[in-house]
Amino acid sequence: MVDQLFFNPIYIIGIGLAAAFFLGFFHRGTLAPRIIMVAVTAAFTIISLAWMQAFLLQGQTAEHGQAAAQVFTAGFQPPFSINLRMGAEEAFLTLLINISGLLGGIYLLDTLKKMGSHAVSVFIILIMGMNGIIMTRDIFNLFVFMEIVSIAVAGLIVLQKETNSLAAGFKYMIAAGIISVFLLLGIILAYAVGGSLNIDFLTAADLPGAKAGMIALFFLVIALLLELKPFPANGWALDVYDAAPAGVSAILAAAGSAAAYYALVKILPLGSSSHYTLVAAAGAVTFLGSNLLGLKQHRGRRLLGYSSVGQVGLLLIILGFSEVLGAQRDYIAAGIILSHSLAKAILFWLAGMLKQDGLEAWAALRKKPILLILFGSAVFALVGFPPFPSFFAKWELILLLNGGRFYLWSAVILGASFLEAVYLFRWFGYALKMDNEKLAEPEAPLFRLLPPIVFGILLYGAGWYMGSILEGFANFSYIPLAFILFLALIDRLPAWIKNTVSIAGVTFYIIDLYPRLEGDLLRLIFAGIFLIGAVLTLLSGYYYKGRRAGFYPLALTMFAGLAVLIEAANLLEFFYGWELMTIGSYFLLIRGKKSMPHGYSYMLFSVGGSFAMLFGFSLAAAGAGSIAMSALTGVTVLPMLAYSLMLVGFLTKTASVGLHIWLPGAHGEAVADIHFMASAILLKAGVFGLITVLLGMGAEASYTGPILFVLGWIGALSALLGNISASFQESAKRLLAWSSIGQLGYIVFGLATMSHLGWLIAISYSVTHFLYKGILFLVIGGIALKLGTPYMYKMGGLIKRMPFSFLAVLIAIITLSGVPPLVGFAAKWITYNLIISEGIYYQGFIVLISGIVAFLYLFRMIYTMFLGQLKDNLRTVREINIWFLIPVYLLLAAIMVLSFFPNMLLRPVGEMLSGYFPDGAIAWTGTLGTTRLGYYDGGAIMYVIGGIFVAALLFFFSLRKRTQQVKQFNIFYSGEAPSRPELSHFSYNFFAHYQKAIGVLTLPLVTNFWNWLSGILHGTADFFRRIYTGNGQTYAYHLVLYIVVVFFLQRGGM
Amino acid sequence: MIKKIFAFLLLIALAGVFLVVLQNYETPEELNLTAAYYAEHGAEEVGAANLVSAIVVTYRGLDTLGEVTILFLTASILSFFLKQREERGKRSVRASSELLRTASAVLVPFIFLLGAYVFINGHLSPGGGFQGGAIIASGLVLLLLTDPLRKVSSRLLARVESASGFIYVGLGIAGIFLAGGFLDSRVLPAGTFGTLLSAGLLPILYILIGLKVGTELSGLLTRFQEVQVPDGGDSPDLKKGENV
Amino acid sequence: MNFGSLALGLGFLLILIGFWGLLTQKNLIKIVIGFSVVDTGVHIIMVGIGYLQGRTAPILDAALMQRTAAAGNQAGASADVGSLIVDPVPQALVLTAIVIGLGITALLLAYVVRLHEQRQSLDISSYEDLKW
Amino acid sequence: MINSILFVVLALLALSSAITAVLAKNLVTSILAAGFVSLLASVIYLLLSAPDVAMTEAAIGSGLSTIIFFYVLNKVRRSGRHD
Amino acid sequence: MSSFGSVPVKILYALLSIFIVMNIGLLLQGVTRKIYARVSKRIGIRFYQPYIDLVKNYFLRDLVSHGVMFYLGPIFRLTSGVGMILFIPLIYGSPVFSNFSFSGDAVLVLYFMFFGTLGMALGSGESGQPYSAIGVARGLAQVTAAEIPLILSFLAVFIQYQTLSISTIVGAQQGGFMHWTMITNPLATATALLAFLGSMMRSPFDVVLAPQEIPIGPPTEYHGAFLGILQTNRAIFPIAKTILYVNLFFGGAGNWFEFIIKAFLLYMWSVVVGTVFPRYRVDHSIRWFLKVPLALGLLSIIFLQIG
């Protein structure tokens, strides 16, 4: 129990004011006022902390009532005197406010020093006033505290003495004045009808029962709503965020929003359900509107303003749906508030350290990596990625909304969140990648650095805590994450040490995981791809000399995410793993030199996909009433939509046609081993997801027909277009990237058939693609690294310098193209069986011809790189790094084994699949597989072809010719010996005629579509943001108009 | 012009809103629960004849504290917002008329006295801290009008202001320990109803409020006044005493 | 004729007039004046709402005590102060509101002074640099 | 009855001076008219049995505010052009 | 499984098959060139000239090599041709001449064709001869285009007979002329015949080799014994292809005589077309394959689905 003598909440007001008044004795320039400020805000924090801790220990975080302490003033009982309340919510919010105050004060130390003791007392009163808003239970007292806060803010804005700040302050005051007029009207009318000013008594007074009561409520609600800056009546607020000193904006965004939010939380129970609806609608408009307008914003602080306003809109939606969300409302709101407040404060604080405010100028943060880490954490927290609180909040929110059949609302929420992600990640990309040569280093003395760092730590801590108390996530294992943290901590060590540690960690995890997966072949296969892939990638990482800062924690984050996917016990954990993987992979992909736009589009598609997935999952959970993985089976709520969305979500990761535009660039610009991770391993996560969903969906229900039909076509077209586009690439990396799209197309096609053979193809492709693409990525990546260019026409003749690479690539492309005798052929053979036995001729036909097209780019690649004329500058180049060759040859060995014994893979997979699809299984006799239609004996083919090859070779040797090795230029060339290799290396635009004939298929229609969409969005944003004329009167007009419009809308609705 | 038309239309609509309010508002016939309680128990609980004062100082003491805080805030903000700057070029200051100077010399003491009376008797008759404070401040204005160059000692004002505010809050906190809660006026005995020294701490609090409001308003005015002073303004120490 | 309702009407009209100034006048000082008119209107409404027809101020002085006694005699019941005075609560609120209003007005005017210093203009449209 | 007539007259006066305050071209007129509105309001408060409020309004609304307005006007006039 | 006998016996029969097919191929080559000459009013070579060329090339003493892959290219090529022969049941009902067809069905044959193409392309690629590369680029582009209708027609056959096994397909066509795929599925056959042209490297689709333009295309740098091997393959490979067609569309061959007749007629089809039409550019031929043959192939599948 909290000791009321020491931790009486009234002390916050008492001490605050006493200190503020006491400061009048001081003159500017002395240190004492600032010491007092820090001490006072620290005291506030301790009081809140004491209460918070008490509530947490009692486990009554979400409970109203009993545990909350009432504080009476003047010695009388309410409603006759003003009382304060300190419950769990109040403790939480005041704690947030007070910590913001403490740290914000520290951040502002030097500004306050300049302005003297008066400014310090204004600051203290501001924090005190916010506490008052939270705690008071009297509506007029609420008004008084709100005015205190408004005036204090208006005072602090001008700590920055610029015309813009002054203008912003003036607009702010006008707006605050107008709002207070309506608030006062509401208060007095509520008093006239309800006979009291006390919130609890007014609740009992049934205001909605009286006509005048309804009007009173309208004024109250609308005024408090306007305090929360609803779009579009919020131009004034944006100016304040923009022009106020960054430290002040930080407090406004972090603490001010929370306080204003809670004021509305207190008032709403007075009203009826129509008020909740009003709030939710205003929130939705705000969330969507301000994030849309944020798209066009190119200055950091103002953008933060848009984002802040948007986040508050989200809070309003949550508040409006109190009834639906029930006991979880406070959990969700807390999650959003925490993420928003902490992240926004961090961002504003960072903004204050920068000299310029353009988004591009944020690249200066790179000069202090800790700032960049904070920036990244804040951005991810705002968008709702794990492990931040908003992730869990958003999950619960969407789950409950869709559980209550409020689909449109959750769609709006996700849509708006997506828009927010659009500008936040664009911005983050700038910070990561923009040129920062000419930018000044951020000004970050310790007192400015401390607050954001503390908030950063709190952000992670809060995320962990929110997760640990969420049902369905409580048993989650944090050991891998702890390992990643450890790697982050030893980031200063050389790469090879971290590499060894990482390999050890992953190996240990594999050993630990294996017994848990035994018997579950499907998960075992994917676990193998993910984790053995991880080990192989890391193995190649030994090539790197130096520190490789930040690589290992992020790579391991991705692998941890993948492992979570495998191990997920429920949808939440699955989604968590998915998002974790996305984070890790984003940072890996954006490491390349020119990868900013590609990493960006990767992120956008990932976020969009994961939102679609979230929506789908929530529908599934709504039907099943649980979030267990089994909820995916037989979804009952809007099953067609649910499954489609989930599939779309996963298709973004498999980069299927329509959602593929991120891949060529993202993979094409990635470094060798990252390329391997991203393509051979990461894409399989999408496959795993598709498999999970499709297993749940089955093919029986009527809605599955169209879904599978479309999915099949997506797969087939991905295969075709991916392969055709690959043929026209000049960069080997991009070629492989397009090839991945094509290969994944086969897999999607196979899965869409929902048949034994189709799935056999998909799974065996998943494995073989991992093998041969692994080889190709590592070798090509290694070569590109060595030569410093991925462009094939700059290579040539490398077979002479890199024979081992050549052999590996040769084997890989034979496998890839499905030419017998290697294992790739098995997949082609099964494809024919599948097409004929399932009767899917047209899609199948497309898939088959894309297989043929694959031949084009494969030949082109191996020819232009390894054959033809060796360039002068490459004459001394050596074989690629041994650390690339080792994993390559391990993969090669696996291919050879599977070629001799295809049954080793196909038979157990087939047996496993028979559990789901009993019809059409392949019968195996040794290495001979037989279907209803045909037969295939991998072993025999290997022997026969091997035999013929050897025989032909022996025959040739038996001719005993004198063979003479000639010089490079000794060719039949119109009687001339070409002097420069470039002249006779036919490589650039290799398939010009092919492009001429069918290039129409590779027109960037999809890219154009997305560009068009983005153009529309930006255009809309640009059009609508012109309502923010910058004129204070216009903003006043907006405010009054908002009130009038809402009033008549609501009356019309009543 | 378009702007005006839109504003007009908007205000017509707003008038519509207000009309709806008027239509639905029913004039009360009786005091409501809260007011009735104050009428019934105000006198005995607080011991103040002026119910408004009783409410302002005790029942809703927190509001009053907040309001004082707002004035304090405004004054503080103005003090660093309207910082005195050195203005270039000296301008002559118009000398005020003889009449005004004489009048102020006569009137100012009376005005101050009136202000003090109003806030000391706040618990008995109409008036109280705000009104009294405002009256004192207007006395100050008169001084300023007559002699623009006479600088009211801001330091002294600030001291009085801080001290009264600090004591006010201190007494409020004392209420937690000595009586029923923060700002409980029953720290002192209620005394005889209707007399000057009655109503417990209420008169004292009201005096503090009066002092604080008065100094704050004065501070506010001086800030606005100071900005038009050509330069720093000399405030001889000997004049300090006369002003308060 | 009920003063309460009249006060309400007057208050609303003042608010509208004030808003007109606030929304249409370009001069910063005029805007602030408009705002203070709005404020006055609100205060009148508040007091009007607390008013009960024909009752006296909520001050329990000697005069009121006599009337209480008289009323008690007429009704033949015990005296009830509550039936004679107007509602004191709105008055208390208005006291607070007036002072707060002054604070806001003062701050607004301070802004006007500083803005004018920056650009030598009192036209609100001179301060539109921040937008969009 | 007298009171009623008085009330209505005061109200009309208040409205007309409010309009003057808002519309007057001359700032001095405006400020004075606004102060006058407050003064009338304080009389109305008396009629509404609110002497405390009346005193406050008179002192603060019509007194101090008006003075501040004038200070500002003065300041602005002195420091340069205005409209 | 139609396995029989021990491995040495099988190898022996395999060699026999190869020998027969090679001779057929060489003879057909000679006869074709003779016909070509006669059509253009020339006397032309002797019909056994291909034998002479082959022997001459094999007996040239010196070889010039550009590298390992250059060296292995022809071997790949020959492996592919021989492999195809051995994976196709040559004579219907004869276990002896089914060779190694037990290890894979029609799909194997279809894909094994690429083995040689790839090897050849790689080998000639290493020579560093730009004409080779140009030839390969053209060849690949054109062949892949021709494959599209080809795959369609094969698919149609597989669908029609619901099997991938070549011998089963031939078996289903037994019992007279009217049971041949040519009659039962004329559209697929027509498609296949058009696609066939694309893979025979004759006019109008001979831009890959394009004499006078890029000496002889891919094999430009090959000579001597290398060329000998390629010529061997050139004898075997077209026969393998034609026999695949014969099996799938024309009722297969019950004996060697039928085999030779059908192979000859089919072979002549491309020759006749080749003498009549002029050469297409690559992009033209790609477009052409994506028009008429593709439409025909799709029609054949649509008919199968309806019927």
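Letters A, B, C, D and E mark the chains as written, and numbering starts fresh at 1 in each.
Basically, contacts are C-beta pairs under 8 Å (C-beta built on N, C-alpha and C of every residue); 3 or more make two chains touch, one makes a residue touch a chain.
Computed from a predicted structure; not experimentally measured.
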Connected chain clusters in the absence of chain A:
B, C, D | E
Spelling it out: a chain qualifies if it touches chain D and also touches chain E; which chains qualify?
none
Just by CA atoms, which chain is the most central one?
A
Which chain is most remote from chain C in terms of Cα centres?
E
Could you pull out the chain whose C-alpha mean position is farthest off from that of chain A?
D
Centroid of chain A to centroid of chain E, CA atoms only: how many Å?
54
When the C-alpha atoms of chain B and chain D are each averaged to a single point, how far apart are the two points in Å?
19
Go ahead and note the Å separation of the Cα centroids belonging to chain B and chain E.
107
Report the inter-centroid distance (CA atoms only) between chain A and chain D in whole Å.
58
Scan chain C for residues touching two or more other chains and write them down.
4, 15, 19-20, 23-24, 50, 57-59, 85, 89, 91, 93, 95-96, 98-100, 102-103, 106-107, 109, 112-114
Where chain B touches two or more other chains, by residue
3, 7, 10, 14, 21, 25, 28, 32, 34-35, 38, 50, 52, 59-60, 63, 66-67, 70, 73-74, 77, 81, 126, 128, 130, 217, 220, 224, 227
Chain A: which residues touch two or more other chains?
140, 144, 147, 151, 154-155, 158, 185, 189, 191-192, 197, 1033, 1037, 1040
Chains grouped in pairs wherever the two touch, ordered by label:
A-B, A-C, A-E, B-C, B-D, C-D
Which chain A residues qualify as touching chain B in the complex?
8, 10-11, 13-14, 17-18, 20-25, 71-76, 79-82, 115-116, 118-119, 121-122, 125, 129, 132, 136, 138, 140-141, 144-145, 147-148, 151-152, 154-155, 158, 185, 189, 191-192, 195-197, 211-212, 214-215, 1033, 1037, 1040-1041, 1043-1044, 1047-1048, 1051
Per the touch rule, the chain C residues reaching chain D in their complex are 1, 3-4, 6-7, 10, 13-14, 17-18, 20-21, 25, 27, 29-30, 32-34, 36-37, 40, 43-44, 47-48, 50-51, 55-59, 85-86, 91, 94-95, 98-99, 101-102, 105-106, 109, 112-113, 116-117, 120-123
Please give the residue numbers of chain C that touch chain B in the complex, ascending.
2, 4-5, 8-9, 12, 15-16, 19-20, 23-24, 50, 52-53, 57-62, 81-83, 85, 87-89, 91-93, 95-96, 98-100, 102-103, 106-107, 109-110, 113-114
Complex contacts: residues of chain B adjacent to chain D
50, 52-53, 91, 118, 126-128, 130-131, 134-135, 137-138, 141, 217, 220-221, 224-225, 227-228
Enumerate the contact residues on chain C facing chain A in the complex.
15, 19, 22-24, 26, 28, 31, 35, 38-39, 42, 45-46, 49, 89-90, 93, 96-97, 100, 103-104, 107-108, 111-112, 114-115, 118-119, 124-125, 127-132
